[in-house]
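Chain IDs A, B and C follow the sequence of writing; residue 1 opens each chain.
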Amino acid sequence: MTTSVDTQVVPPTAPRDAGEALPPVPGTQIDEAPQLTAAQRRRRGRGVDQSSPVVKIAGYIALAITVAVIMVPLYFIVITSLKTRPDIYSDPITWWPNPFNPQNYSYVMTTLEFDLYLRNSVIITGILTVVKVTLGVLSAYAFAFIKFPLRNFLFVLVIAALMVPNQITIISNYSLIAQLGWRNTFIGIIVPLAGVAFGTFLMRNHFLSLPKEIMEAAEMDGSSFFRTLFKVVLPMSWPTVIAFTLITVVGEWNEYLWPFLVADTSATAPLPIGLTLLQDVEGLTNWGPVMAGTVLATLPMLVIFLILQKRMIKGLTAGAVKG
Amino acid sequence: MTTIARPPVPGEPAQQDPPVRRRQGTDWRQVGLAALLIVPNLVLLLVFTYRPLLDNIRLSFYHWNIASPRKTFIGLDNYIEWFTSPSTGTIVFNTVVFTIAAVAGSMIIGLALAMLLDQKLIGRGPVRSMVFAPYVISGAAIGVAFQFVFDPGYGLIQDILARLGLDSPHFYQNAGWALFMITTTYVWKNVGYVFVIYLAALQGRREDLDEAAEIDGTPAWRRFWRITLPQLRGTTFFLSITVLLSSFQVFDIINVMTGGGPFEIGTTTMVFQVYQETFVNSRAGYGAAVATIMFLVVLLITVIQVRMQDKEQ
Amino acid sequence: MSITTAKFSRRGVLGATGAGVATAALAGCAGEAAGQDGDGTIQFWSNHPGSSKDLEQAIIDDWNAANPDTPAVLVDGGANYEELGQKFNAALAGGDLPDVIVASDVTWFNFALNEATTPLDELWVEAGVDSDSIVDTLREDYAFNGQHYGMPYSRSTCLMYFNTDVLAAAGLPTDRGPESWQEFAEWAPALVSANEGKPALVIPDGTSYLDWYFQGMIWTFGGAYSREWEPTFMEDASIEAAEFLKEQVAKNHIAIAKDAANTFGLGNVSGLLQSTGSLGGLTESSQVPFITTYLPGPAPGCATGGAGIAVPNGISDERKVNAVKFMDFFTNTQNTITFTQATGYMPVRKDALEHPDEVAYLEENPNALTAIEQLNENTAPQDYARVFVPGGGSRIGGALDRITIGQEDVMTVFQNLQDETQRTIDRDIEPFL
């Protein structure tokens, strides 16, 4: 993640002065299963139905404004993907494709070897997500529950990695990968991106927020590590793990600069690199196919978000019921 | 396994001791386990993050054209050049303004949206997904889409203003407006991240406090300041750091929308300068110096943030 | 893993052996004896100028059919010349060099100066390439120290576009552009009033290569950005040209825009300065009828631009010769005709213009002919200060933004530009010449 290139995609997080015990960072507990107070339970049931009509109307107005502000640029991405070239730039701008031109999509599919790039993206994102989530959870477990020498120092080392801007790591990593003969291989793309700092931080702080008594009980039972992890810790952590997964998937899916440098052809390069072929260097780029490519590349992420988000919220409510 | 204790609620005073296994001395079996768990990740970070970082710091003391095999040691010259260059002021100003505006903008709007969509409003489900969607789209595509919004010739804002009989600002030609445009676009993209984290924190907060205040007749805005916001303090702290770090490293929106201009450096931030100097101007040594300065600044800011938070507690 | 032992390896030092991973060869082993051996294929790194991936692949397929022993592989080198340069720079630092790269007008020289790319003259002889068949202007664009470091490939020049409706309404000739910038200044008021007060001409802004377009203008005034390595921003003629530009902007005769081509295509201005590369796009999408003309003279009034292809220095001699043979084939008469007709770039071989296919094509597409004719009559290679001095383009572009959009004082801005350019030459160029 620290070598990630699309710097906006992966939110880095903060190091802590680990010389002291770290308080749980509440943002990291976005989805733990809190035991609800009676009032919270009541609230869940009824929402804010009792609020005055004025407040409700104001709420809906705000909702409408939100929808408008968020939607307009999204809408333009989608309709531009359906426009012909002369229709894209017009003054005033047109709100509906005329003529309707879905050929942009077939153009993307045929000129790009779209299926190959998509396959590569799925492979890279899939492996990286599994590896990063695993590594993140495991190292967070160690940092949160096991006492060992240099623990705080090593934790700071992990976290400070978030502060290294990826622009400065690529050249050095490129020479290493090239010498290993790993250019144009999945392993060469994946391994340098596989270290996980954000997730370690996220998961560790979540683990620290778990009730101490549970860990102590597990210890008294003499549970093995795996038993403790799978039977005690993870069941209380799924929502956080899902959030971690979501952020990782999105980040790796949009990864550009690193795969661009080490992957030459559609044999290993992921989608964002394939999409650059649609842009024209000196002339006028035909934005219709570019936007069609963007829509196609984004859709899988939105589907994954919808699925995972539901599980995240479900995790919350499940926790509430259990409590 | 039954849950016997209530997990902490975000914003509550944190427990000070991590639940470490309390034993006398060092349990070497545990240490071995810990090593197994953290070493793979640690090795990856050392090889692929810290090795390049140290390499970068070393290079910052050299004059090195990136296309050349020759490197000339020049001591602190790159640093001296940066600190005395007339463009540094503008670039630092851009970085600071962009970062502060981006952090404040996405935090305030993200919180407002989270509070709004925490209410029971019809259609809040789809809107929640919609707010997150921009976070998923690549910066390059967003840059192009916003051209249809901002272009003073044919863009949407120009269209709306013209109907009101007003002229559109020259978003691409006035450094201030260009910075405004970049920031707005970035906030639009990034607000989904803040929103999701705040929304989840709001769902876990202690509503009984709110309700007690409601019964007391405390007005809504005071309830927000006195009760809701303090409960979210921890989340706010977490977000302020994560959003700050990501804002500091924004590259592709700037690259696509303005290329760092107008006036060559009108919207150039430090990360953009690192890229520009290293890969466009081929001055890899100088770029490395800027990157090192940037790394130290980020480190310093984060340490200060953490210290401030510690004091508050 | 010892952190301190990790060094940058230099190009050409390690082949694909994978030995000595972390303790890579020490930096600065200049003058390595043998170059990298490849895997027997010719690796061609291209950013597919003019959305030309299919075309490039088709030409490569032909090559592979004829040369099964040295097949070529087309590699995606990024979305633009900068990205391609970045990828090549990474390869220079890390090994695993390609055989042929696309190098733009602003990147090739830095590669040549730092011996990252190889001089081609001896290789041309060895590979049996007739360099005289290359269009002279375009070939000489890659000359440095008496040697040539590239072959022209996707070469462009600028064109002036005029909305013929507005020309007619203004009572101006509809078959030619202004012959000098002074004539443009005389035409401009008529063009402005014939088109509802909209500016007569739009030029892309400083981040969209205003510095490239203005180069021709400054020449017609007798000025230049530089003469060889001598920056000449403060010459009277250079200042005069800049003052002219500033005044024309102030008078609303010239507009500076981010998206100049679309502004013109929508009819929001009457004229446009743009690359030949935009001709295809505008022909398809413009909502106004237009003609293309030379840039105002006296000649030369326009710079050439675009990209060539070059060979990395760090590969083995055998690879170099094969690479040059491939380049020769890739840009031969037939292929350059196919490529340029599809993209709008200019043919790079002399005999391409007499080829019946091309003659027929140009008859049908007079706008494409404008660029080719202009190449011989109205162009010159670019000034060093823009293309050879690191950061030259964006530095000059930023200064021109200041005097046009910002209406700042020309003397002050150009004095700064002069000083900064000189400083950069002293620091980054002088020691390496």
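Everything that follows uses one rule, which is that contacts are C-beta pairs under 8 Å (C-beta built on N, C-alpha and C of every residue); 3 or more make two chains touch, one makes a residue touch a chain.
Every value quoted in this text rests on a predicted model; they were computed, and no experiment measured them.
Novice: Looking only at C-beta pairs that count as contacts, which pair of chains has more of them, A-B or A-C?
Specialist: Between the chain pairs A-B and A-C, A-B carries more contacts.
Novice: Please identify the chain with the largest separation between its CA centroid and the CA centroid of subunit B.
Specialist: Taking each chain's C-alpha mean as its centre, the farthest from subunit B is C.
Novice: Could you give the separation in Å between the centres of subunit B and subunit C, each centre being the mean of its C-alpha atoms?
Specialist: Going by mean C-alpha positions, subunit B sits 37 Å from subunit C.
Novice: Provide the C-alpha centroid distance between subunit A and subunit B, rounded to the nearest whole angstrom.
Specialist: Chain centroid spacing, subunit A to subunit B, equals 15 Å.
Novice: Determine the centre-to-centre distance between subunit A and subunit C, using the mean Cα coordinates as centres, and give it in whole Å.
Specialist: Comparing mean C-alpha positions, subunit C is 39 Å from subunit A.
Novice: What parts of subunit A, by residue number, touch at least two of the other chains?
Specialist: Touching at least two other chains: 89-91, 170-172, 176.
Novice: What are the residues of subunit C that contact at least two other chains?
Specialist: 6, 8, 22, 86, 89, 93, 262, 266, 268
Novice: Give me the residues of subunit B that touch two or more other chains.
Specialist: 47, 50-51, 55, 66, 153-154
Novice: What residues on subunit C touch subunit A, complex-wise?
Specialist: Going by the criterion above, the answer is residues 6, 8-9, 14, 16-22, 24, 43, 45, 47-51, 53-54, 73-76, 78-81, 83, 86-87, 89-91, 93-96, 154, 156, 261-262, 265-268, 275, 277-282, 284-287, 305-306, 343-344.
Novice: In the complex, go through subunit A and note every residue touching subunit C.
Specialist: Its residues touching subunit C are 85-86, 88-91, 111, 170-172, 174-181, 183, 260-261, 264-266, 269, 273-274, 276-286.
Novice: For subunit C, which residues count as touching subunit B in their complex?
Specialist: Residues 1, 3-4, 6-8, 10-11, 22, 27-30, 82, 85-86, 88-89, 92-93, 110-111, 113-116, 205-208, 256-259, 262-263, 266, 268, 390-391, 394-395, 397-399, 401-402, 405-406, 427-428, 432.
Novice: Please name which positions on subunit B make contact with subunit C in the complex.
Specialist: The contact residues of subunit B facing subunit C are 43, 46-47, 50-51, 54-55, 59, 63, 65-71, 147, 151, 153-154, 170, 172-174, 258-266, 276-277, 279-283.
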